[in-house]
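This report refers to the structure that appears directly beneath it.
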Amino acid sequence: MKIGILTSGGDAPGMNACIRAIVRYALSNGIECYGFYRGYQGILDDDHVVLKRTSVSNIIQQGGTFLQTDRCEDFLKSEYRRKAAVILRKHGIENLIVIGGDGSFKGAELLSEETGITVVGIPGTIDNDLAYTDRTLGFDTAVNTVIGAINNLRDTMQSHNKVTFVEVMGRRCGDIAFNAGLTGGAEYVLIPEMPFDIKKIAEEITESALKGKKSNLVVLAEGAGKMEEICAEFEKFSGIKPRQTRLGFIQRGGSPTYYDRLLACELGIESVKMIANGTDSRVIGVKDGKIISYGISEALKMRKQFNRSLYEDMYKLS
Amino acid sequence: MKIGILTSGGDAPGMNACIRAIVRYALSNGIECYGFYRGYQGILDDDHVVLKRTSVSNIIQQGGTFLQTDRCEDFLKSEYRRKAAVILRKHGIENLIVIGGDGSFKGAELLSEETGITVVGIPGTIDNDLAYTDRTLGFDTAVNTVIGAINNLRDTMQSHNKVTFVEVMGRRCGDIAFNAGLTGGAEYVLIPEMPFDIKKIAEEITESALKGKKSNLVVLAEGAGKMEEICAEFEKFSGIKPRQTRLGFIQRGGSPTYYDRLLACELGIESVKMIANGTDSRVIGVKDGKIISYGISEALKMRKQFNRSLYEDMYKLS
Amino acid sequence: MKIGILTSGGDAPGMNACIRAIVRYALSNGIECYGFYRGYQGILDDDHVVLKRTSVSNIIQQGGTFLQTDRCEDFLKSEYRRKAAVILRKHGIENLIVIGGDGSFKGAELLSEETGITVVGIPGTIDNDLAYTDRTLGFDTAVNTVIGAINNLRDTMQSHNKVTFVEVMGRRCGDIAFNAGLTGGAEYVLIPEMPFDIKKIAEEITESALKGKKSNLVVLAEGAGKMEEICAEFEKFSGIKPRQTRLGFIQRGGSPTYYDRLLACELGIESVKMIANGTDSRVIGVKDGKIISYGISEALKMRKQFNRSLYEDMYKLS
Amino acid sequence: MKIGILTSGGDAPGMNACIRAIVRYALSNGIECYGFYRGYQGILDDDHVVLKRTSVSNIIQQGGTFLQTDRCEDFLKSEYRRKAAVILRKHGIENLIVIGGDGSFKGAELLSEETGITVVGIPGTIDNDLAYTDRTLGFDTAVNTVIGAINNLRDTMQSHNKVTFVEVMGRRCGDIAFNAGLTGGAEYVLIPEMPFDIKKIAEEITESALKGKKSNLVVLAEGAGKMEEICAEFEKFSGIKPRQTRLGFIQRGGSPTYYDRLLACELGIESVKMIANGTDSRVIGVKDGKIISYGISEALKMRKQFNRSLYEDMYKLS
């Protein structure tokens, strides 16, 4: 039996640990592993490597993905997905493990439906923006990276009595901003899930400045609005020119945390078990502390629930 | 309404974040907070501080506990527990939040039974050795500290072809060793929950050395046996003199991870809510991703289950 | 005898360690210390604190400056400098220690000349842009922060075959970019001290991509040009759209490295010794491994020499 | 022209960066590089690799040495050194670069004298125990690792009012203990270079405890005495049982700091330049901020000077 493995979409810490788990667990069960480079593109180019135990030595602690990743435009077209199946079957591969986000899973769903290739999807994205799973690979690491950066920012903003706006990743999902902001000690967190009133924030900060509290941190998810515009509005209402920092791609890298490594191992092991047991195409994840799986289309239809009550409680602490 | 707060037993990263959450959430609900220094001893000495919002500024990111902690021999005696209740009631305090481990909860149980003071226990210990909760405050930070240390050790052991034994904390519970070891890339993990055969390990390492694998990492929980003796046995069977490292108290400190800060906030908020709603004495924790609570004696009677299947699966990766 | 202390201009890691050293060394010599908040503004507002040994406990490891810092427009005018001297003398302070950069030293020079107050300047700025000293407080920490961030960026750019441009601090001086870039493994470093040809870089990167080298890191000092324009030019010549990251204020914070702490202690001690020995106004620093000092105007006239030969040698390694 | 390269003795962060610099600088000058594994043993076994530019890609940030290191008993005998020269000359290698400490340099001196092979020695050891150079590769990283560990220890000792003894590396040289201790905020530093009176320390700590200062940190170099004995004495005189922590091998690993990477590059470049210019056998290093070199026997005869005046001044701050 042979399994294909690829990483797709944005890279995330823990992808390497997950590939290692898949390869070693599969090999210990007599299953061969083909790694395809740069996501679906690697299948189309038949750019692959046969993975041995030692191919994945010393990578559990490394950020990124040694199989590399890419977004593959061609794979949006049916003819290329059929070509991919032909190439996979040429190698005797009927089962594919895709580590990626919802765009990658959409491709997986179509590949599976159109060609009968079985795909198991593992959630790998720092954004934590998949509704069917409580956690995605890389999220824990990214949030810890952000609170480290916030720690640095607090040193300097406290030295200057500054209001600082920090933009973090998250186009549709404010989980990084919310979690890193409120545990990083930010005064405000602006996320796509919750309306906010920049005028009210400006007034509160102006007022608290009169009482002596002069440094304030506002953490902003990408998806909550354009930082420059929000800062301009803030300045208009408060008369205070805020500092702006965009953390950018440093959030994507770094050695994965223990939790992301462990989740990577558990999901990698489970995906191999499912394939060995003849699963249909599914995505796996973690819900209420347990590994779970769903049919791909079912998973992709779910809408992420925002924990508003936690949000409101946490705000009382800031 | 007034709440007493103390930290007891071994300190753990996240205790400060938890005190902050309790104080700010309580104050936002009109509840006053008295912090007692050095655990139960602080009640007996009436060594306390009235905590304001600003008393807990800028501590969410700090390891340790600014209320300090201690083991209190006197509190093992009923007369001192009665004295503690008298002092608490002198201040109008009928509810106490205790952040600590099972020894601290035992004291809490007796205080509650004998005097009618309501105690809510929050699990704060890096060891993760409480059966009723999946996680204790400080565990996530400690495991990340250990994998950081292991990363350093791997640099040097790979430069030398060395077998290295690392002892980590965990007298009764191998969770730190197991989680940090297997996600740190250790070849072996020795824990109190699982028998091990040092002769077999010695033979396997000797054999793999012949095939070219010359550096091996063995992570050992305190409770699995004396490191010196285990290393001596290993040397006897393998002829290889291993390096020994005991990580010690560095595992107790450090800025808490995002997860420990978040858990600290959630448990702190919940403890205040329970008290505001007139709870009886209970310990709280997290199970399957949800905040849960138990009667203290019920919780203390539980036995921690070891996840043997995960252990065996993870071993196939190492 | 009494000494005034202030931090001025941009904050830098090591300022707290330096204040601690000044205070404790002065007190051990029977000299009192007045800390003024927010730089020169704190003198004008007579916003000060008398510093004791315990006032500076537990700050050696903290970034930023607890005395805070600010740029003070008023101090550019002679009348305010005279007012400052009056306030200092009201407290019996004839000697002032200023931790800051060249703007702060310019103010110090004028204050000294016009009023006879003796000022000793200590170089505190992450930019390392003072010609008279090999190192400024905060530079070592900032460069280490940047190579940490670069490490994260490399994980993700290697996963994506991306060309990444990173902007780091340094308006007039490329030391952060040069040192962090070449020791961080960057392929190119763009600094104000050296001309560069973005067309040639684009061509080289395009050519090396053909040979299989697909990820490239370009580190850019603020003063070398506008990142957006340089990236647009790069894209025009290469056809490759680069990623852009601006590290921003995270470079200013963080716990100081050992070297910055040690330098802070040595400069702090030396400044007190000089004052105790009746020095005239001077700035101190480190040259060829030794603590040195210059008259302020002499120091400010020096022009920083760029080590072109090191630059060229280092480039051969990248 | 061909150069041999090896790393010998204890590994140190920066060795990889130095090998990279040697290889790339040599290749850019048309010189071939042979890396020998496990120090001198690799020559005796003729266990070598021809190093290309890409052989040293992506290692500048890695601790340890990919060429590995070992202590080689055989090399203490003249016959083996002559054998080594024969093997080197078989490959056409007349010049050898040895990265290591004084034991390795002693071997280099003898090899050079007896066989005429030219050896350039680069100081690579975390201990900073070579008299002829101000800095050795790995020292800056090791001290930063130790102050990070001390930071963790301070969290927990402050939570417990504990006296903590920490043993750090340094058999003959207290530089790690002195530098990390005093910049880490330790109250006492015990080093082989300075006598100390444990009774007096015990009395001072007992006395300061009465005044409310209850947590104290004592940093101890390996060479200052046996930790267990010193702690027993301390307990006898003070009645306080101290915590003991031995940092061990974590001090050897970790990603090198910027300074160690830069020094590695500069020394690597210089060693190649010297060989290209037909140098005799020498060791190189850094003195007063400049790269310097000495004849090997001259260097090995020097005695390291202890900076007692800095020691005494720094103590006034603790």
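A, B, C and D label the chains in the order they appear, each numbered from 1.
The criterion applied here is as follows: a residue touches a chain if its C-beta (ideal position, glycine included) is under 8 Å from a C-beta of that chain, and two chains touch if they have at least 3 such contacts.
Note that this is a predicted model, so its numbers are computed, not measured.
Engineer: Which chain's C-alpha centroid is most distant from that of chain C?
Structural biologist: So the chain farthest away from chain C turns out to be B.
Engineer: Which whole number of Å gives the spacing of the CA centres of chain B and chain C?
Structural biologist: 40
Engineer: Taking each chain's centre as the mean position of its Cα atoms, how many Å separate chain B from chain D?
Structural biologist: About 35 Å separates the centre of chain B from that of chain D.
Engineer: What's the distance between the Cα centroids of chain C and chain D, rounded to whole Å?
Structural biologist: Those two chain centres are 29 Å apart.
Engineer: What are the residue numbers in chain D that touch two or more other chains?
Structural biologist: 151, 154 - these are the residues of chain D that touch more than one other chain.
Engineer: If you go through all the chains, which pairs of them touch?
Structural biologist: Those chain pairs which touch are A-B, A-C, B-D, C-D.
Engineer: What does chain D use to touch chain B in their complex?
Structural biologist: For chain D paired with chain B, touching residues are 7, 11, 13, 15, 38, 62-65, 68-70, 145, 149, 151-161, 164, 243-254.
Engineer: Note which residues of chain A are touching chain B in the complex, please.
Structural biologist: 17, 20-21, 24-25, 28, 58, 60-61, 134, 140, 143-144, 147, 151, 154, 179-180, 182-185, 255, 257-259, 261-262, 265-266, 269, 287-290, 310, 313-314, 316-317
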